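Notes for the one structure printed next.
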Amino acid sequence: APGVENPQRAHLNWMLHCQGCHRPDATGTPPGTPAMAGDVALFLQVEGGREYLTRVPGVANAALPDDQLAELLNWTLSTFDGAHLPADFTPYSAEELSAGRKRPFVSEATQIRAALREKFPVDVKTGNAQEGSGE
Amino acid sequence: MKDFDKLSEIAVRGLARFSSRRGVLASLGGLLGGGAFFPALPVARAQEGSGSGYPGVAPQSTGNPEDPGDPASCDYWRYCAIDGFLCSCCGGSQSACPPGTEMSPITWIGTCTNPADGKRYIISYNDCCGKPACGRCLCNRNEGERPMTRPQSNNDINWCLGTSTAAYTCSTAVIIGVALEQ
Amino acid sequence: MAFRRRGRLMGMVGAAALSGWALAPAMAELPIEPTPNVLSLPSDYPDSWVYLVDSNFFGIESGKVIIADVGAESHQMKGEIGYAQFGFFTQAKTRPETYVVETFYSRGSRGQRTDVISIYDNASLLSTGEIILEGNKRAQILSEPGAFQLSHDERFAYLFYFTPAASVGVIDLVNRKVVNEIDIPGCAHAYALKDYGFASLCGNGSVVTTRLDSNGKLVSQTMSEPFNDIDADPMYSRGEVINGVGYFPTYGGSVQPIDFSGDTAVVGKLWKLSADEGDAKDSKRLFGLLKSKPKGSWLPSGWQLMTSDDEGRLYVIMRANATMDDHDTGGGEVWVFNPKTHELVQTIELDAESSLIEVTHGADPYLVALRPDQSVDVYKAKTGEWIRNIGGGMLLTSFSAQAAN
Amino acid sequence: MKDFDKLSEIAVRGLARFSSRRGVLASLGGLLGGGAFFPALPVARAQEGSGSGYPGVAPQSTGNPEDPGDPASCDYWRYCAIDGFLCSCCGGSQSACPPGTEMSPITWIGTCTNPADGKRYIISYNDCCGKPACGRCLCNRNEGERPMTRPQSNNDINWCLGTSTAAYTCSTAVIIGVALEQ
Amino acid sequence: MAFRRRGRLMGMVGAAALSGWALAPAMAELPIEPTPNVLSLPSDYPDSWVYLVDSNFFGIESGKVIIADVGAESHQMKGEIGYAQFGFFTQAKTRPETYVVETFYSRGSRGQRTDVISIYDNASLLSTGEIILEGNKRAQILSEPGAFQLSHDERFAYLFYFTPAASVGVIDLVNRKVVNEIDIPGCAHAYALKDYGFASLCGNGSVVTTRLDSNGKLVSQTMSEPFNDIDADPMYSRGEVINGVGYFPTYGGSVQPIDFSGDTAVVGKLWKLSADEGDAKDSKRLFGLLKSKPKGSWLPSGWQLMTSDDEGRLYVIMRANATMDDHDTGGGEVWVFNPKTHELVQTIELDAESSLIEVTHGADPYLVALRPDQSVDVYKAKTGEWIRNIGGGMLLTSFSAQAAN
């Protein structure tokens, strides 16, 4: 997968840092912990979405170095929503994560998410329109 | 004070594995009416291999030499950061919930070292939910446990989340992967 | 053991293993385990299984019924179901179901009261339904066998109500609804009679028979002559039913049989729980365990102080140097009688005094005896041999147990 | 069996007054995890006047020499047929309910002899209701107690009847009269 | 004693008394006692009173908060209120009220869930109302101080929600309704700030300030720089607030102050819990109890491991030979610090290891320490003198205590 140097490591980091709350298959517990499976890559298709994914608290606060965090985010996008991954997807870099996680969202994450999701393509937006802030 | 000591510190075989390395739950003598325990007593017994360490709880085995130890003992390797009643003692197993409960899909995750192969396994501490608290084999270990600010590494939360009721029954320790060498 | 094992493995892979787990990947890893993973039980429980009922006086809202395999070498606890606020428990033979009569408040120990019969499936231990008991009349007492019984065909349950007015609820378990309430003023309990009807024990020392039709409607109610002097030698209100006959010990050490096998309760002849009759029939002492007892000093004592095995023997907890005020205390021996011949066929010395015994079903049954610390000792019933102790905080305050059907 | 004895019968200071004359409740060691009690131990202590007989429960006095004994002890004369937690240990007294509970108006009645005057007093065992079970000073005595068939003389009933909730908290022993001489 | 007393009385009435109680009527009888009779408490509790909070893991539906006078020679238990299913407890200063956050199911441990804040009157201990928490989001965790706090004017309560999404409920206690819910993703708890607002501790080692207006609406949310390395030396999520400053121990033995007294949480300078600084200032050792400690082997440990007295001293449970994985275990000594000068002013050797301490209000306060058997030892805080033990089955599994205001 693009930007995933070590898929095994990425999966283990998913287990250790994400799946407890997001569940092993990234279906989450909406609305507080929204599902990522099947739509998380759509954030890459809307303006601001790419940055949002570097600043959302679950990503920003993860106890991982920047490079492993970038790998984990890339792995998450291709593993749980590969179908929506843009053909020209540029994998996240350590530097990009380092910049984003320095400015984590807090409660505004919910509103920002909702605004971004408004811009999602209509067919998927209506199919999975849960709002939440956890991530 | 001396008299008090005499009265209060008559030893009793304990509720849990009271290792001095164990956490706040392990310090629960839980003796109604004021019995006291000596931390050394049950620990010594378990180390001598004389049982699970819980009086009245029979030792168990996985049957697999690669998964050594007694799943009915707080010493069992997978329980390195568990906090609660061991499902193994409650009608479940180290990786399965007792009949009639629901296994929480939302958990906290830790890593423990298997003494048989020396590998660090990723352990999901799934709580079992929906029946009264089991009451057997209270065990608390905190290896690598972190504060509430990092919930995914915290065992002081009732992890009966995403289940039809949040009533806590007991805790499992499920292998979900093997950690990478570092 | 874990570390011994590790040592052996390291030996096998040779000296290189001493450098630690760097070489471990060469060995097979333990497999990833599936979630969710919830165990289930057989619908028909083996003979060695027992329901251990915990009232939990230190958290009365949080009682429980534990299902235990007392014959197993490990994994004896098989599961549990809830049992709130002075519950009653019984099991069906013809359906894979158990029933818990319990009480809930909307705010724990305050607020709106709801009385229900909770119905559980044997295999899943899931609640498969409930019958709400309107009026909140059910008796909240320490569990006694007559307080909650099933009709012989298991269509009806008879449930003792006490408000303090005494009555019996007739509950249709097939259609899961309350169908009648029969007043039994001055009396208690409902021992199932033949077909539809029940017997209640009364404060004047008599027994009342209530006959019902197939809809649970009252057909007749008849009272026996008083036969028990409740002041001088009261009969326990807890009896053990063997082949339709209830055996009720008295505080003073006799047994009062009452035949519940017909349409009307028939009072039998009082007999003495003593070694004397047995002494006359040495040939019937099956297990060679009988000892000579100091006469007059042993009395029945305990809460669930009687039980029976499939061969119809009656087990009674006996207390040495007892007075009548010790009736609920428990004792250090179990005496086993042939209730037809009244002879003492066996005595079992308990490892600790007990107030609760139960014997499992089967040809070589287990005797379960509650210890003061609320763990249970398991004996071979036929020999009195102590087998094991099962505890570990499983029970907090237990007053009843039932062998699985 | 010998080993078992050693493990299980290490003495513990007990939950209740475990006189051999006491009932089924008194036999509740109630020790989570399998502690055992020796009936003789706390009894001996109480007889030596060293306390209420309940470890961690301070002795009390009515202040009236005509009403002798310790209302926080199961030995207290009025408790000759009580069954439950003593309200004296729970924020109430031998004749009053703890704050926030409701005293049941429906009770069972017994008679106990006051050792100070030798009179038989009529005692109403009013239960206090509406808070969680107190858990302190569990006491069961059965002098003159009778089966469920005679409820007015039976202490195995939850007498929280006629109260706004039937949840049992603790038990009192209230003087309501003096029995006639026989 | 009763019988000795009787003997003396008999002596007084002379030899005729030997014939028994036939002569007794000549003496005054004990009076008939009134029923119903229910005690009440003062609205303002004395300084020596403490709330002892029992989660009761052996019956989680049946927890309770016990009100105890730890300074009294007898009658220490004054009363109790319910505390169901991983509750939280706090008390008001400006109103004679206490609050319990608790969870009920319609059928004990199953059925419909209801989360409420139960409100109790100090004097009657009766429930005077409740606030239903729709959505059932409240965190069910072992009680931590930041999980349930009141605003300084006690108008609002701040309550930690965890589903596992993290947020804070803002509850208007005057109008008894929930007025807002503020997301705090990746963070936990709500330590009250000046006026309206709260601080939360975050998973990246920072603290987030949430400011509210007088209607409980969000004004702003700001995050500090990360200051705590949760991997290397995590700060406990349990802090003790003294004069508006929260003191948070770290697993590795330091203290992180965070000033909550203003509108924004201000992170202070980390200092070490050690005897070293105190050693340099012998003149300030007030009670002569200080001993030289083996350096590096003592770490803070316990659940409620910190408390303070009215003079602002900070009490910390310390464990010998501890590692960071012992953080929740408890320890055998209490070290008392001046949190401004960081000097160790006193050490108290406990009679038994403890995981929970609390100090009462007043000039000569009591130190309460939970024993492993769940009884509490009471010491004079200023001298470390052991005074008494209070137990008897009062607590089953306790994780918090609060001195009465």
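Going by the order they are written in, the chains are A, B, C, D and E; count residues from 1 in each one.
One rule holds for everything that comes next: a contact is a pair of C-beta atoms (placed from the backbone, for glycine too) under 8 Å apart; a residue touches a chain by one contact, two chains touch by 3 or more.
Just so it is clear, the model here is predicted, and its values are computed rather than measured.
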Going chain by chain, each one touching the next, work out the least steps from chain A to chain D. 2
Hey, which chain ends up farthest from chain A, C-alpha centres compared? D
Inter-centroid spacing, chain D versus chain B (mean Cα positions, whole Å): 36
Between chain C and chain E, what's the gap in Å when you average each chain's C-alpha atoms? 42
On a C-alpha centroid basis, what's the spacing between chain B and chain E, in Å? 26
Residues of chain C whose C-beta touches two or more other chains: 35, 58-63, 82, 108-110, 375, 389, 391-393, 396
Which residues belonging to chain A are in contact with no fewer than two other chains? 20-21, 24, 29, 63
Among chain D residues, those touching two or more other chains are 8, 15, 30-36, 54-56, 131-133, 135, 138
Touching residues on chain E, where the partner in the complex is chain B: 57-61, 85-86, 103, 105, 108-111, 113, 136, 139-142, 144, 162-164, 166, 187-189, 201-203, 205, 230, 234-238, 302-303, 323, 325-330, 351-353, 355, 371-375, 386, 389, 391-393, 396-397, 399
Could you please specify the touching residues of chain A with respect to chain B in the complex? 6, 8-9, 11-12, 15-21, 23-24, 29, 63
Within the complex, which stretch of chain C touches chain E? 56, 58-63, 82, 84, 102, 104, 106-110, 114, 116, 118, 127, 130, 393, 396
Can you list the residues on chain D that touch chain E in the complex? 15, 30, 32, 49, 54-60, 64-70, 72, 75, 77, 89-93, 95-103, 105, 113-121, 124, 126, 128, 131-138, 172, 174-178, 181
Chain E-touching residues of chain B, taken from the complex the two chains share: 1, 4-5, 8-9, 18, 20-37, 39, 85, 106, 130-133, 135, 138, 140-151, 156-158, 160-161, 164-169
